[in-house]
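One structure follows; several queries about it will come next.
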Amino acid sequence: MIPLQHFLLIGAVLFSLGLFAVITRKNAIQILMGIELMINASILNMVAFGKYDKIDNTGQIFGLFIIILAAASVAVALVIIMNLYKRTQTIDPNQTKSLRG
Amino acid sequence: MGLLSVLIFLPLVFGILILAMPKSLNAWFKYISLAVSLVQLAIASYMYYHFKTGDAFAGVNQLSQYQWLENLNWIRLDVGQFGVLQIDYLLGVDGFSIGLIWLSALVMLVATLSSWEIKTNLKGYFALFLLLNTAIVGVFCALDLFLFYIFYELMLLPLYFLIGMWGGVRREYASIKFFLYTLFGSVFMLLVIAGLYLSVIDPVTGNHTFNMVYAMNPANYIDGSIFNSLSNAEIFGFPARTVGFIVVFIAFAIKVPVFPFHTWLPDAHVEAPTPISLILAGILLKVGGYGIIRIAYGIFPEAAMSLSFWMGLLGVISIIYGAMAALAQRDLKRLVAYSSVSHMGFVLLGIASLTSEGLNGAMMQMISHGFLSVMLFFIVGVIYTRVHDRDIYNFRGLANKMPVFTGFVMIAFFASLGLPGFSAFIAEAFTLIGAFSSQTLNGLLPRWMAMFGTLGILLGAGYLLWTLQRMFFGKFRVKKEEWKLALTDVNAREIMVLVPLAAMALVLGIMPSIAFNVMSSSVNQFLLMFK
Amino acid sequence: MDSVFTNYQILCFALTAITAPFLAFVFSLIFKKLAGAFGIVSITVSLVFSAILFFSIWQKQTFHFSFSWIKLGNVSVNIGILLNDLSVIMLLLVSFVALLVHIYSVEYIRKEALRYRYFAYLSLFCFAMLCVVIADNLFILYAFWELVGFASYLLIGFWFTKKKAVQANKKAFIMNRVGDVGFLIGLMILLSQFHTLDIETIFGAKGIIHSSFIHNGNWVSPFASIPDYWLTIAGFCFLLGACAKSAQFPLHSWLPDAMQGPTAVSSLIHAATMVAAGVFLLLRVSPLFNDVVLTTMASIGLLTAFMAATIALTQNDIKKVLAFSTISQLGFMVLAVGVKDNAAAIFHLSTHAFFKCLLFLAAGMVIHQLHHVKDDTKTKFDEQDMRNMGGLARFMPITTVVFIIAALSLSGLPFTSGYLSKDAILISVFEWASERGGVYWLFPVVISITSWLTTFYIFRVIFKTFFGDFKLPALINKKEKELHLHDPNLWMKIPTIILAVFCFGFFFALNPFSLEGSWLHHAFNLEPHAGGLLHLFVPIYINALSLVLIASAYFIYAKNKIVFTNHKSWYYQFSYHQWYFNVLYDKKLVGLILWKAKITFWFDKHIIDGIVHLSAKAILVLAEIVDWVDTHIVDAFVNGLANIVSSWSVWFKSVQNGKLQHYFIWMLFIFLSFIIYKVII
Amino acid sequence: MPGMRAGKTVRKRLKFRKEKDVVEQIIFYILTAIAIGSAAYVVLSQQLIRSVFMFFVTLFAVAGLYVFALADFVALTQIVIYVGGVLVLLLFAFLLSSKDALDTISEIPSGLLSANRLPAVLISLAFFGLLTYTFFNIDFQNLNWITSAQASGNVKSVTDDTIRNIGVNLMSRYLLPLEMISILLMMALIGATQIARKEPKAL
């Protein structure tokens, strides 16, 4: 049996990588992939914890939910990115100054 | 509103009027100034004529003996435990000031006439000029130290601008030097004035007071106060009154100017426009002498007596030093400026002797030098306005081209080298006699000082006659061809300036009693303080 | 008091006598064309009143009038008129000589455009000189003494375009100033000692000076007591004043230069009157002198007399010779005062005034006529140089005669006034020396030699000028007849003739051989000479050798029998260059003073002003330091705070930069911080 | 179906316990390495297209890891939805874009590790550190819910049928969340089309 910690560690690595991508990438699509990585990491954790819930199966079911929501969010995000590109000719989130204080 | 107030503030009122007038009335400003000066001279003459002489009107340290006394409560500020801050608007004249007031009025008139040559920014010039006039007359009339100090400092401001804006090539340097020099002295004087204020009380009201007449009376000093002669207070290990005397003396010595505080004078004179040179030489230097007599000597008599030797020594050094420096000059104006140092040295020597002859001689020298130095500077101005050059070597044989002018030059030169018949002779002779008899009478000055002082007369003849020979005699020759046309004889306005000055020098030389009469009782009263 | 006139009248006369020239001075400057007339009339008025005063005062009374001029508390300076024997004789002398010179000048100065100035100055001089003579007070005396110098200055520089003239008048005035300084110091000493400067009060018969004494090294007067050396100093000071005015060694060198003025002026001022004022002053204050001063004075007189005589031997300028002759004769007078024979001094002063004035006027006639020749022929030569003259006696007989008379008087030959006065001095010197003995015998020996030298040089002038060959025609290539040389007209002749009359001894003594018989000498001679052998011996040996010298001069200069060739020798050069005094004074002394002046100015400019500038610089440096501290430390602190705040604000602002990722980083950062805080701590 | 295949493989290997454990672990760590390596490539790649394809690998590897966590259904769903949906969506999104857009999008600005690199690295490491720290500080054997689950036998075994259980639970216990998610999905789709609609004033 693979110990729980291993899953968690892998999740942590993936999460951190995703986080890194979200923070540093200048490309909205890569950022989006970073987010997906983080989501995957969390799903991995959910699933790993779900091992100790045989009856209710909460971990797996919420893993499913997350996958579905992530897919939806990716769809919406892509649309936003394309729209953003249409407006500003760039998909670098840092170039959008409308949030600037 | 007394006569003195009118005398002082008349120019100020008209100065403000000039400021309020539009620039299009430019041509009127000098006539307004002239009218003010004439009125001032008339008032001063009236006062001089009606000045009461005699021991009952000696003034000096008796407030009631001052004439045209004006005493108004100016500032009465209750400052709690420190009593009442009392500053009076106190004006009055005695034998020491009346002559100088008249001199100021005449010199201002002459300077106004000489201001015709000013061509730029007339409005500012005449406004400052009249402000200066107010300050100068105020200095001679003020009997309250605070008021005196205000007028004294007020003189600097217009002078700074007048030299700095209408002056020669290095005017900024000169005006700043002049300003800082004088301010250096007077700032420290302010400390002494403050000290005096804390030491002296008005015997009538019991308040602290700035009244300089009260400060001359030892009875008005608070026991144990810093300048009380009995309290033996010390500043930096020296007796407080001696320090006070030295500080005040230096402040005025800079004005006189006494060696080694004289170096502002040649620069300021050389750079100043002619009318301002006239005022500087004619009146400003006298403020120094007047201050030394009235404040330094009047308020700290015993300190003055103990330092008389050094005062006399400075006087003698100034006499010889100024004359020697004048001998080395090529610039006519600088020469005259250094001769002023030499001549004012006699004033200090006379004061230091603390004899009747010496003091009268010193006062006479101030008045006499007032006329003569003004005349000399005006003469320089006459040449300068024509060709804008003052180098003695560039002129020769001017007598051929300008005979009337040369006549005035000879009068001025011989008068200032002490030819009998002119005021300077009386003044210098009496000063030296006073200095010489000092050892016998009060033992203050050694006799050799007077003997060395006579060398000043000799050297004076040297540089003035050399200039006369070099510039005015011989065959007519000047540096540039176009100067030959420019060098015309004096015009009517210039004669109008020169004649009264020459006449005054002559009148005072032949009838010195005109001046001596008004001052001698004050001098005697003054000398009583040193007994 | 058997005076014919009341005191009031005498006062009026005296005032008229002195004010007339003054009015002439003023009017001459206003009415320029009548200047000459004003001058002559005024001096005539002065002469008339001087004569009246002379006859009412001389040997009869002393008139003193004064009023308070300046009053300073307890000190009062009086001015007034003192008429005693000395005053009136001088008054008469001055006005008389001045009148003659005025008349002479009319012709002499006729061609000058600015002659009104000449007469104005001359009147001013007369006014001042008369005032000097009758002043009752040393202060006033000093004042007019300087005024006399001023008038002399103006007259020497009358031709002010001449460079030499203006240099000469400057030199004269400054050298006189040196004397004036001495005079002034003397005045100060007297005033502090006696509290008055009244001549009669101090030096009169009952003067305070007689009641003052030396006690315990102090000079005690009724008013004050000062160390006794001040008495000597006072004497020296007055001596210095007199030396300058009377052109005595070492202040003599201005007088030869003063010959740049018109000759008539030289004759009046620099021969007869003004230069005598020095001697006059010595006479006025003579009771003051103690033995040291007197001996010095005698030495100075002797040295000057001898020196000037030797210089006169070699000069070629006729006026220069006369100028040195004047100096020499003044030396005689000073010597006389020095040996305490005031009478002889006054006597010689009076006689000298006449004959020296005459010499100058006669020389002036020669110069004047030669000047005409120069103008007529349009040639250039020095009309004062004796080398251009010779044989003039043929053309100008009157001039020659009066010149010879004056020269005889100067030489002191019998029947002349000079015989009397010069012998009086010589005898006094002999007596004085015999009293003292020793080295003092040098005085009579040297003064005798000087006397012979005098004879020799003056006859050298005569023979070179009036006898022998006329050298000028050859020099300018003209014939003698073309020159039209003749005696000048009456304006010039009459004054000289009158003066010539006064050169004879009869005028001063009925018996021209008896000094004792002279009324002038007698009047002042309080202690008659012991007489005896000296009176016989001195004149004889002096005059005997004088005659020999005249003869030798005749052979040397008129006949050219003996020719001096030693012009290169050191003693000739020494004499010719006037003992090198001019070099010493003009180059060395003046140079030294100017050098000192330059040093002073340098000192002023670089040290005093340097200190000022240095302190200004120091303050500036201090200011720089303060400024540095201010900007880099104090302000840096403040600025640093501000910078920190602003950089923080920039930083904080950058948080709000609209960059999503930044926001996200921050969000994470804060989240992390919070979590780390919660988890770890 | 790779998930199915993986599940079968696992099941087969249960028979040979000892061998099987070693093999299982080797496979797990290989998958782990692939997942982490490809994820790192996704994150650090300069080229977007490679990044996207490598993300594909990552998703597969992670799905494999789900299987090791006994969640074969989730692994399947991951492959179907993510690989089949999301990734295809991504690819289509910019394959369907214009050339310009494609260039801009695929152009990853240089300075990969520039600008915010340091704080990003720090924060990422901090997160990672924080998580690992937490994992290593938790005593998993003695956690309440784990011990109680072990005590009550509520622990999954390899042989358990999870799909049925999931289906039952979805339709019973998690019905409400399911419905809410379906509504959310619909909202997202409507929203997406609304946003993607061409605006009249579009650039």
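Letters A, B, C and D mark the chains as written, and numbering starts fresh at 1 in each.
Here is the rule we go by: a residue touches a chain if its C-beta (ideal position, glycine included) is under 8 Å from a C-beta of that chain, and two chains touch if they have at least 3 such contacts.
Please read these numbers as outputs of a predicted model, since none were measured by experiment.
Q: Quick one: which chains contact chain C and chain D both?
A: Joint contacts, listed by label: A.
Q: Grab the C-alpha centre of each chain and report whichever is closest to the global C-alpha centre.
A: Taking the mean of all protein C-alpha atoms as reference, the closest chain is B.
Q: Quick check: how many Å separate the C-alpha centres of chain B and chain D?
A: One centre to the other, that is 103 Å.
Q: Which integer distance in Å separates the CA centroid of chain B from that of chain C?
A: Computed value for the inter-centroid distance: 35 Å.
Q: CA centre of chain A versus CA centre of chain D: separation in Å?
A: It comes to 8 Å between the two C-alpha centres.
Q: Taking each chain's centre as the mean position of its Cα atoms, how many Å separate chain A from chain B?
A: 96
Q: Could you list the positions in chain D whose residues touch two or more of the other chains?
A: 116, 119-120, 123, 127
Q: At least two other chains touched by the same residue of chain A: list those residues.
A: Residues 19, 23-24 of chain A each touch two or more of the other chains.
Q: Counting only residues that touch at least 2 other chains, which ones in chain B make the list?
A: none
Q: How would one label the connectivity among the chains shown: line, ring, star, complete, or other?
A: other
Q: Just spell out which pairs of chains touch, all of them.
A: The list of touching pairs comes to A-C, A-D, B-C, C-D.
Q: Residue numbers of chain A touching chain C in their complex, please.
A: Residues 19, 22-24, 93-94, 96-101 of chain A touch chain C in their complex.
Q: In the complex, go through chain D and note every residue touching chain C.
A: Chain D reaches chain C through residues 116, 119-120, 123, 126-127, 130, 133-134.
Q: For chain B, which residues are in contact with chain C within the complex?
A: 177, 180-181, 259-260, 262-263, 321, 324-329, 356-357, 360, 397, 399-400, 414, 418-421, 425-426, 429-430, 432-433, 436-437, 439-441, 447, 450-451, 454-455, 457-459, 461-462, 465-466, 468-469, 472-475, 512-513, 516-517, 520-521, 523-524, 527
Q: Quick check: in the complex, which residue numbers of chain D touch chain A?
A: Of all residues in chain D, those touching chain A are 21, 24-25, 28, 32, 35-36, 39-40, 42-43, 48, 51-52, 55, 58-59, 62, 65-66, 68-71, 73-74, 77-78, 81-82, 85-86, 89-90, 93-94, 97, 101, 104-105, 108-109, 112-113, 115-117, 119-121, 123-125, 127-128, 131-132, 135-136, 140, 145-146, 149-150, 153-156, 160, 162, 165-166, 169-170, 173-174, 177-178, 181, 184-185, 188-189, 191-193, 195-196, 202-203.
Q: Would you mind writing out the residues of chain C in touch with chain D in their complex?
A: Listed in rising order, the residues of chain C that touch chain D are 661-662, 665, 668-669, 672, 675-676, 679.
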